[in-house]
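In what comes next, chain A is part of two complexes: it sits with chain B in the first one and with chain C in the second one.
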Partner chain A sequence: MTPDAAAPAKREITTQPRRSDQVFRAIVTSGGLSSLIILGLISIFLGYRGFEIFRHEGLSFLTTSDWFLTTDDAGNVLDSHFGIAAMLIGTILCSAIAVTIALPISVASALFLNFYSPGWLKRILIAVVDMMAAFPSILFGIWGFLVLMPSAEYWAKLLNRYLGFVPFFKVDPPIFTRSPFVAGIVLAIMIIPIITSISREVFSQTPLDRIQAAYALGATRWAMIRAVVIPYGRGGVVGGAMLGLGRAMGETVAVYTVLNIMYQVNWQVLFGGGGNIASLIILKFGDSGPYEIKALMAAGLVLFFLTLIVNAGSDFIVRRATRVKK
Partner chain B sequence: MTDSNERENEKMETSVQSSGLADVAHAAKRREPGSMPMGRGLEARGVHAWFGSNHVLSDITLDFAAGTVTALIGPSGCGKSTFIRTMNRMHEFIPGAAMAGEVLLDGRDVYAPGTDVTKIRLQIGMVFQKPNPFPSMTIGENVLSGLKLAQLKVANKEELMEECLVRAGLWNEVKDRLGAHGGSLSGGQQQRLCIARSLAVRPQVLLMDEPCSALDPGSTLRIEETIRQLSDSMTIVIVTHNMQQAARVSDYTAFFLADGGPGAMIECAPTSEIFSRPQDKRTENYVTGRFG
Partner chain C sequence: MTVSEVKPRKPWKASPKDRSVDLAIFIAAALLSFFFVDFTPMKGKLAYFATFFVFYMLIGAIFKFVTRGSASAVDIVVNTLVALGAIITVLPIGSILITVIVKGSKGLHLGLLTHDMSLATPTDPITNGGLLHAITGTLTLVTLALIMSVPIGILTALYLTEIKGIFTRPIRFLVQAMSGVPSIVAGLFILSAVLYPITKSYSGFMGSLALTILMIPTIARTSEEVLLLIPNDLREAGVALGGTQWRTVAMIVLPAARSGLVTAMILGVARIAGETAPILLLTGGADTVNPNPFKGPIGSLPYYIWKSFAAGSTESITRAWTGLLVLLGIILILFTLARILGNRKVAR
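Moving on to the complex of A and B:
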């Protein structure tokens, strides 16, 4: 058959998997695909419900902040405009504040848990941190409103007095309560457990031979951590921070409880007004007519894609960081 | 001045006590002002070691005279590595690890309360079985990493880097790519990089835990040459499973054995004697390949 008579024909290599293997493969495959299908269905649902709004508002849905709807007595829409710029900015702002505050605290606690705390304390603290991750967010919200806000107001005023020349820390009408700053702190406390436990996990996988190499060269513990543990765990910490960012962006109840929802783009993090997409949805959902619901669905779709982008970005960063290492 | 006098007195005393290992010729190789650092003697006095309740090393008393190479041989699990890890206090990193006895560097107990353990490890360097350069650093940064880790300052980093790489026998192979990552070298080169790295902090003693066990014969030979050259300026203790290697590089050889119980030192003598006329039957059996 083949022109080269000396070389034998290549054999086709086949395997006949056992039935148990086939069954297991089917179960695992359907599990893996189902999450993809669910994700797809959600985006289709949101897109379908929000399509009319996107067509009507166009890009101004993302770039403007007005949100109003007038109807006649029969419930027919007379005039409407929906824009989520304020909420979009607010979402990013609050979650960025949260990650900025949470990241150093989480990395420090992860390092403490791995390298400084005695064994008995470590076990207790890990349990506490895990419990914190499962804590209902409404309780964080109430705590933030009742307990944190009065003291955060003091810190906000302090920041404003000494850093007021930075546009971020300006406060135009002096309203310091219910600001993105306070919401950011509440969110930070909510995402600290996630970032801590992921950081702790990657730090604990630092190869022992590198740790020993550093110690054998006369390193102090801190010098060893800086030279070995942090370069090794950097990618994982970034991934953890991005996961925390994702959660902070989607958080509803805690932000809704603390933040003063305002339909105006606000970059002044200490000023008492802002919002995020999720809190807008919960604020409006109860008393919306069918048309406004569609607008909320469109907002939800935007949040959905924002979260997807952040997660994809974190995945990219983690993958790049781990590839450089070896 | 008075401090160094005291130190010399201590040294005289300890060399009198020592079990014939620190013979006169080696004791005479003390550091002269302005000369190369000669390396300091290291002494183990009744060292025991435990992992949890497991007694793994029993009553080791052994002297390593300044400027000598001592090989530790013996079957796996006899406590050789554990023993050298007690010398630079790396033993204590293992959870549940404990020790007894004294390890004297220049007459001073490295386990004395109030000792700065990082200083001890600067003076007693270590090369591990598996080459472990820092992968996030370049070759040059790896060599100088000890300075950064111990927060030491040197006047001329380039010079020190070259000196250490030359002494580790690696300079010619890497001089054109000092900016490459440490992980890009071959196994043997990585191990010599690790040796260069430990030289940069100028240890007086270098502990080597089977430094060639993961390497090919060519790299092994290069590292043995390196060891011979280094022994002019420092005290070297090398754990090895390769008896030819022990015969080639060491002045003294100590035979360790765990005979059902904790590891113990069976005998220690000049290397030629251990291999030609060992005192103990068990040593003879081991070095002639009858077991182990």
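Moving on to the complex of A and C:
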């Protein structure tokens, strides 16, 4: 045996997946890319149908609020103007009200679930909250219209009587039914389970050693929560709230049943009239000609991008909040 | 020499004295709120509820402030607020469930399962007609959507957990984004991409295409979570035995995750069974049983509820509540099933 016997040349070890694995990977990858394809197709098709409207209306589609169309007897469009400013602002207003109401309640119940409730109650409450997230939106809509509306109207009147000096709570003609306020409450009830479960998840990841360190230093439960849990979970809560905002913006049937659609920008949240893109689509769809449908498609595209941006933002925040701490 | 037995003490537990003080505060707050509401122009159950909490908080805080100091008083205030938040969260659920059961049960009768609405209108007396077309329609829509979305959803989850290619992060992001697509946008998309250019008529298939879009993210995300729970040892064992990745996934990973994948499907169905907006746009809403999902309008529970609610008479609104009761019953059964299966998966 000689040490200088020809050593084999260095070679790189490579593996060639078998044919079956190559096929498998190709199929799984294409399946995985389907979400990309579907989202892409949605924007392409809605953009394609709505293109004519965007070209015709230009930026005024987003900045004006008229919605009219006149046709002659043969169905040819004589004159039309479509603008969704009122709807766009209404959508944002309703969902902002919803998040404003839902956020404190959800954070409180998430804290209750994690740090206050006994184990048996916690299990039941989690099941109930998860169940509520699966309720169909039409149920919230009809319940909101028939059961919640009378109470909500009463609360709106109280708010108006005692806080009427704030421009937000002013109501010019005293109409309180079917206002953005009522829609906001219904939406808040719908998104509370979402924000609660995300906040609960984030709070439950608080490191136990820090919690116990706070207790060992003599902190009360609230002092511990304020010093440890809240700073730790803040990002996740903000992300959860944005996710709820995205859901609230896209909600259709529930808002349509409790909101009076009005083609005018309305900042008085207690006044019975507002806008909502999704509801506009449901409202106008039944009796629209082909040209108006195109306008609805364009409105749908705006809604799609709006929810996409909000969702992407919330995803980014939640992910950053949970990753940095791990 | 006497031996005294030392009893174990539990200083962290509330003593009888603490408990009686808590009870006294509770009763005092209840009484105060009762009198307060009686003597002021406030009225309603909600007023009792609100004033009770205010008084409970105040008395508790004052008591703790006197005995333990300000930090303890703040603690008790937050305690009450947090409990209040939890109660407000549960309150609407209770109200919704009670309303649906009370109002919906008025319209329950045996004919619901054997008749459709071909010979009745929503405003007829409640015993005319039934839900047959709606239930079969919903079943058809959901089955079709399930057939289309399960492969795509599970393939997406497999890509995220098994292949972990360069697209993993973007796809995870896109699935998240897709779960936020408003249902009406999914409906409009199918309308613009399939219904107008290709079929040009309402059908159940159009509805289930839209439902598929809404269902894929739920199935993909739940399946991903389940697949992540499968221990890596199983995968390594499969590969070490000489299996290709395909055989490892198909014969080891997927069977091991079976019950979790079923849970994912059930949650997906529960998510879409009550979806209304795309159904209104795409299915046309027939009043008779339509066994062919590819041709002609088809009825469904959400459409029936919507139509009855929109008709506006007392009978038709009872019909809507009954429809909601049936729909909610289906969703709750599915949900319970998913939880039972999900718990079993953890227990194993």
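As a working rule, the second predicted complex is superposed on the first by the 282 of 326 C-alpha atoms of A that agree within 3 Å, B and C clash if a C-alpha of one lies under 4 Å from a C-alpha of the other, contacts with A are read in each partner's own complex, and residues count from 1 in each chain.
We adopt the following convention: a contact is a pair of C-beta atoms (placed from the backbone, for glycine too) under 8 Å apart; a residue touches a chain by one contact, two chains touch by 3 or more.
Remember, it's a predicted structure, so these values are computed and weren't measured experimentally.
Measured by the number of chain A residues touched, the leading partner among chain B and chain C is C.
Within the superposed three-chain model, A:223 lies in touch with chain B and with chain C [touch as defined at top]. In the superposition on chain A, A:232 makes contact with chain B only, not with chain C.
In the superposition on chain A, A:215 makes contact with chain B only, not with chain C. After overlaying the two complexes on the shared chain, residue contacts for A:107 are found with chain C alone; chain B is out of touch. Applying the stated contact rule after C-alpha superposition, one finds that A:20 touches chain C and leaves chain B untouched.
Contacts of A:249 after superposition: chain C is touched, whereas chain B is not reached. Residues 220, 223 of chain A lie in contact with chain B in one complex and with chain C in the other.
Listed in rising order, the residues of chain B touching chain A in the complex are 88, 90, 93, 118-119, 121-122, 125-126, 128, 130, 132-136, 145-146, 148-151, 183, 194, 197-198, 201.
Within the complex formed with chain A, the residues of chain C that make contact are 44, 46, 71-72, 74-75, 78-79, 81-86, 88-90, 92-93, 95-96, 99-100, 151-152, 154-156, 158-160, 162-163, 165, 167, 170-171, 173-186, 188-189, 191-193, 213, 216-217, 220, 244-247, 249, 267, 270-271, 273-277, 280-281, 302, 305-306, 309, 317, 320-321, 324, 327-328, 331-332, 335, 339. Per the touch definition, chain A reaches chain B in the complex via residues 207, 209-210, 212-220, 223-224, 227-228, 231-232, 325-326. On chain A, the positions that touch chain C within their shared complex are 17-18, 20-21, 23-25, 27-36, 38-39, 41-42, 45-46, 48-49, 104-109, 111-113, 116-117, 125, 127-132, 134-140, 142-143, 146-147, 151, 154, 189, 192-193, 196, 220-223, 225, 243, 246-247, 249-253, 257, 278, 281-282, 285, 293, 296-297, 300, 303-304, 307-308, 310-312, 315.
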